[in-house]
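Right after this note come the structures.
The following pair of complexes shares a single chain, chain A, combined with chain B in the former and chain C in the latter.
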Partner chain A sequence: MEEKKEGPSKGAVVVPFLVGFVAAIAFGWWGFPQLLYSSKSQPLNFTHLNHVQDYGIDCEDCHYFRPDGSYAGLPSNEKCAECHSMAMTSDPDEIKFVEEYYEKGVEVPWLVYQYQPDNVSFSHAAHKDEDCTACHPDVGSTNELPPYYENRLTKYSKETMKMKECERCHAKEGASNACQVCHK
Partner chain B sequence: MALDRRSFLTFVAGGAVGTLFTPVIWKSIDDTAIWTQNWSWIPRLEHGPKAYAATTCKLCPAGCGLNIRTAGDRPVVAEGRTDHPLSQGGICPLGAAAVQMLYSPARIKGPMKKQADGTHQLVSWEEAEALLLEKLNEAKGQGGNVACISGDENSTMNEVLSGLLAQMDSNRFFLMPGESLTASKAFGSWLKQGVLGYDLENADLVMAFGADLLDSWGTAVRNKKAFGAAHPIGEQATTEYVYVGPMQNTTGAVADKWVSVAPGLEGVLALGIAYHLLQSGMIVPEALDFSSYRSFVLSRYTPEYVSKVTGLSSEQVAELAVKLRRANRPVVVPGSAISQGNGVFSLAAVMSLNFLLHPVNSPGGIFVLPDLPTVVSEAMEPSIIRGNDLVSFVQKITAGKTDRPSVFLVYEANPVHGLPQAEAMSKVFDDTFLASFSTFYDETAARADLILPTPYFLERWDDVQTPHGAGFVSYSVTRPVIKPLFDVKPAGDVVLGVAEKLGLDLGFSSFEKVLEAKTAALAEMDGFLTDKVQPWQVRTGASPAPAAGNQWRNISRGAVWTTAVTPFVPAVLLAARELSQAAPPDVDDWAYPVRLASITSRAHGSRHIAIPPFCLPLLGEEELQGKTFYVRMNSTTARNYGLKANDRVKLVGPGGECVARVRIFEGVGLNVVAAPLGFGHTAWDEFSRGKGDNIYNVLTVRTEPGSDLSVWADSRVRIAKAY
Partner chain C sequence: MVLYLKEFKIKWGMVIDLDKCTGCGACMVACQAENNIAPVVDASDKRRSMTWLLVYQLSNQKLYPDHDVAYLPRPCQQCGHPNCVPVCPVIATDKNEEGGIVSQVNARCIGCRYCIAACPYHARYFNWHDPVWPEGMEKTLTPDVSTRPRGVVEKCLFCHHRYMQARDKARVEGRDPNALAEGDYIPACVEVCPTGAIAFGDLMNPNHKVHQLSKSPHAFRLLERLGTDPQVYYLSRREWVRRQGDNILEHETVEGV
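And now, the complex of A and B:
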């Protein structure tokens, strides 16, 4: 009588399964983002905290609404040059701003963490009662600008808001979620 | 534990299940979807401060005010200007396309020279100007060896160009033919200081003969505003509009009454109406030739005769006369639906009704609108320019009756496409040096030996003086809203520079300075700015504050200057002699039995602008299908020629032919075919060319007896089914 073949032990099935499972989880949550995003740093390090604390500049002095209600967004060279038309310190970033950008008439190519595509019409004026940090990174309380992660596939910033985030807030606040509210 | 096949498979299964709990799949799918939409050519919005710049449109002669909305100093859209009396907040389809045309692929990118193989190659401005200088130097002093055609009848550029010609001993300066030429032939003998205007705003009856007031004729947007003000929604109209014309075009469709008369017969009907007015005892005391006019009309234009020629019943004609007699402030507007090519007979006959109804310069009637002072030394007087007949000149050259100029300067005009019998007429440019000052690569530029690109009107200084068909004098300035996108140079600056090198002194170093001087010269006239009081309100008692402050500063930023001063007119002539000599013959032309009612619409572009891509969606299925355009005729006419809707039809005129499809439209009179101008472009860009045929080729020029004027508004054709 032939010896009955022994089935696999429980461990022989579960262990490889668990190893595979954990490896996939690890790859999916840690390795995949490393692959998907490239890290970029801003062209200059702007010290928000120093400007606010040491020089008493308000956020709205640079990030302001124009008289017509449109939002200026990031300040232009001209705005920065109101103080920094010449280097006031020996800080390499300030010197770089003056020599590489302002004097050459080249706008600083700031990387915008929350750039929205043109098919979305977003009005800052309509959202001015919200806290800026509800959408934007809290850059005002630090002197370091966070790294900018660019999606290698889509070329958008990692922090670009998706439609579901807009919708969730609109629903919570009782604002309309009709298509034409944002897609004009 | 060895890694056997079973372990490997369970490892893979574990991995697959684990992946489901990570964003890998979902994120990859989503990002891939976004990636597929990332194309390099997708335009990106450029954000910036919003602003408005008030300027004046140059896309057609109507001179509307435009408000150019800019974002970050870039024009974004053209809007109407409520503070401009010629548009009052309105905008036409062509004006609405103004910003899109700034970026048109047909823009000329820099000066170009024709090569031996017929193509154009970019050259430097130095080379282009040197070539122009060389050619003008050769022509200098040989009186008339240089000629100029201007397509802009309202700009002070005409002074610069005609001044240059005058200093080169040439008087061959021409405008593209329009109705001011006809008016000049009819009334130029006594009306030298200005043109006649129509006070639509104060009239209580507007009767337009031929002139497509509410689409493209004269100050079209202002006409529409006057019509709209007189037709408040839900209320009784305060001014009655009557349209007398060959088809139910925009004016015919919207007017309170449409009277169908074949093209060329408007004058006959007008004299038929005059017959009744004369019978009722109306006179023109200030007319020196009134008695001969009266006896001519009463003897020839009897109700029976007019009824026979026009096809209207005697009662219909009498009713129109009663309407005019009963109105307090009636105004009659003569013209042709295409604002060109009408004869002295038609114009003088219709205008005579105005003279019969009320004296010149009465509110709600016709006014003499004085010309503005000229500033460039030796520039031709506007009254002389208006009288120069380009078509006759071209015909004389092609017939060998006069010398062919060795140099032709063409400014913002497209004579190769837009003269009647265009193909034959354009032969005038054979064996001459043709220099085109143009913004767009039009048919004339394509033919030119040298192209000197002008900035688009949103990139340059220019001006608009009282447009044809206006009711009041006006002056407003066109100003740059954006820096030129291409290597272009204002034509005025090019001409002034070349003149200086030729040793001629036009008195200015730049065209902007010419405009400044023009603005300063307005101070000679008692004028005001239209910010508070409109010119037509002055005629009914409003008193404006005289223009004050820095005139150039105000006008160059959009203010509109006007004056209520009208020249004293001691006597008029009704052109009785011309009327009797130019009367159309009673016999029908059996060789070309169908009357051609050509039409033009601002939705199809203008004289020098081909239909913009912005306006293409406005073309209906029965206006253009594929490459073939439509002509309209009523069902009886179609049946008579064995045609059905959508059939291909050939229109043959004595000078050319074209092919179209038939659209049955009962709003066209019997034995009339209505065909739109503005199609059949061969140059321009992929959007505007290759659409339909050019009706200008089919228009037929005849010389009107008595006035010796070239006339083509009453062209005739032969039609037949095309296979």
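And now, the complex of A and C:
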């Protein structure tokens, strides 16, 4: 007489598989990025919106092109000290700027969200007709600076533009994708 | 038509007058300083020295009073048909950008050195060692030139970063970055040459001096019969100098030389 072999039921196969699948997805999409990136905040909370709205300062007053075509990027202490050589309010960030950076002659170590590696030469002049926010976070319309996510392994910012994004836009706009156009 | 070859509207080129070159070597020094080439303890050690631009001494091999010498600065020739490009397995070197400068991207280079073997001008160098700058000298680095680690090949790029800077300046001033005037962009060696032996410009632009100079009856290119079509021309009114530009046999007559 033959014994009937009882295989595992359908649920006993599918359920562990599903649990493992969901756990792997959750780890890969949520857990690993949490581990990989550390969240940092800017050394000072600079209030872009107040400067623009209340004091009528244009973006180009601090973020300007030099006559030789290079881009100034972030303003130096000297620029900030045109107004803030002494604390004008009791704002802790302003006092921190004056006491810890300006008076000690230390430049503010701003964290640049889009900082590129050394082998890339990005030309702001070539992209000056594009919207700044196409690449940079829209800091100008708010008083809060977004957190800076640093890759713990590579030390690069999470928001640093990847080569495929540069290439895609260059291809779309008909700009050259030759290596040395961006690499130095 | 080979797949990797492209026609360019702009071809940056040099015309080096060998009768004006005194062999002073200022161009070599300017090149090393501009392109972040670390100084070596003993620069006569050719296993260690990096000379993107190298000045060779030529001799007519005759005894006094007929003896004569000439000096020949050799940058990368930026060949129209570069031998280095098709042999690169990873496209770290390419001739693709308007201007015709043969690119070299060190981050992509795997250090196989096929290109060094392929280049008939010995214009390429391999980093056998990590570059070391004496303390304090790192402040003299050119910020627009990336430093190279050991294990990659490097070469003259006609100071490509200066090309980028000239284009940026043109953009900010509202000029066309693709129509640079003569003198907007010149490599460091050209700028520093005390006798003005090196002319630099767009070989395709009739308004640039090099366009006419390259058509001079005294103009020649190195190893021209290889068909590499270099963008570097040499000038000499001395026939023996022109004959040494290629492997011309003693009794051979070649048209134009």
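Assume the second predicted complex is superposed on the first by the 181 of 184 C-alpha atoms of A that agree within 3 Å, B and C clash if a C-alpha of one lies under 4 Å from a C-alpha of the other, contacts with A are read in each partner's own complex, and residues count from 1 in each chain.
We adopt the following convention: a contact is a pair of C-beta atoms (placed from the backbone, for glycine too) under 8 Å apart; a residue touches a chain by one contact, two chains touch by 3 or more.
Worth saying up front: this structure is predicted, and the values here are computed from it rather than measured.
Q: For the combined arrangement obtained by superposing on chain A, do chain B and chain C clash, or do they fit?
A: They clash: once the shared chain is superposed, the two partners overlap in space.
Q: So, does A:P16 touch the first partner chain B, the second partner chain C, both, or neither?
A: In the superposition, A:P16 contacts chain B only.
Q: On the A-aligned overlay, A:L153 touches which partner chain: chain B = first, chain C = second, or both, or neither?
A: A:L153 sits against chain B, while chain C stays out of touch.
Q: Counting only touches as set out at the top, which of chain B and chain C does A:D118 meet: first, second, both, neither?
A: A:D118: touches chain B and chain C.
Q: If you stack the two complexes on chain A, which partner ends up touching A:A134: first (chain B), second (chain C), both, or neither?
A: It touches nothing on chain B or chain C.
Q: Considering only touches as defined above, state whether A:A178 meets chain B (first), chain C (second), both or neither.
A: Touch status of A:A178: second partner only.
Q: Per the contact definition in the header, classify A:D68: touching chain B only (first), chain C only (second), both, or neither.
A: After superposing on A, A:D68 lies in contact with both chain B and chain C.
Q: So, A:I25: does it touch chain B (first), chain C (second), both, or neither?
A: A:I25 sits against chain B, while chain C stays out of touch.
Q: Determine, under the contact definition given at the top, whether A:L36 touches first (chain B), second (chain C), both, or neither.
A: first
Q: As a test of reading the superposition: which chain, chain B or chain C, is in touch with more residues of chain A?
A: Looking at chain A, the partner in contact with more of its residues is B.
Q: Tell me which region of chain B runs into chain C after superposition, given the options 23-31, 95-103 or 347-355.
A: For chain B, the listed stretch overlapping chain C after superposition is 95-103.
Q: Shared contact residues on chain A, chain B side and chain C side combined as an intersection?
A: Dual-contact residues (chain A): 68, 70, 118.
Q: Within their complex, state which residues of chain A touch chain C.
A: 65, 67-70, 117-119, 121, 123, 125-126, 128, 176, 178-181, 183-184
Q: Across the complex, what residues on chain C touch chain A?
A: Against chain A, chain C makes touches at 91-92, 94, 96-98, 101, 103-108, 144-147, 157, 160-161, 164-173, 177.
Q: Any idea which chain B residues touch chain A in the complex?
A: Within the complex, chain B touches chain A at residues 1, 3, 6-8, 10-19, 21-24, 27-28, 31-32, 34-35, 38, 42-45, 47, 49-51.
Q: In the complex of these two chains, what residues of chain A are touching chain B?
A: 8, 11-13, 15-25, 27-29, 32, 36, 66, 68, 70, 72-73, 118, 151, 153-156
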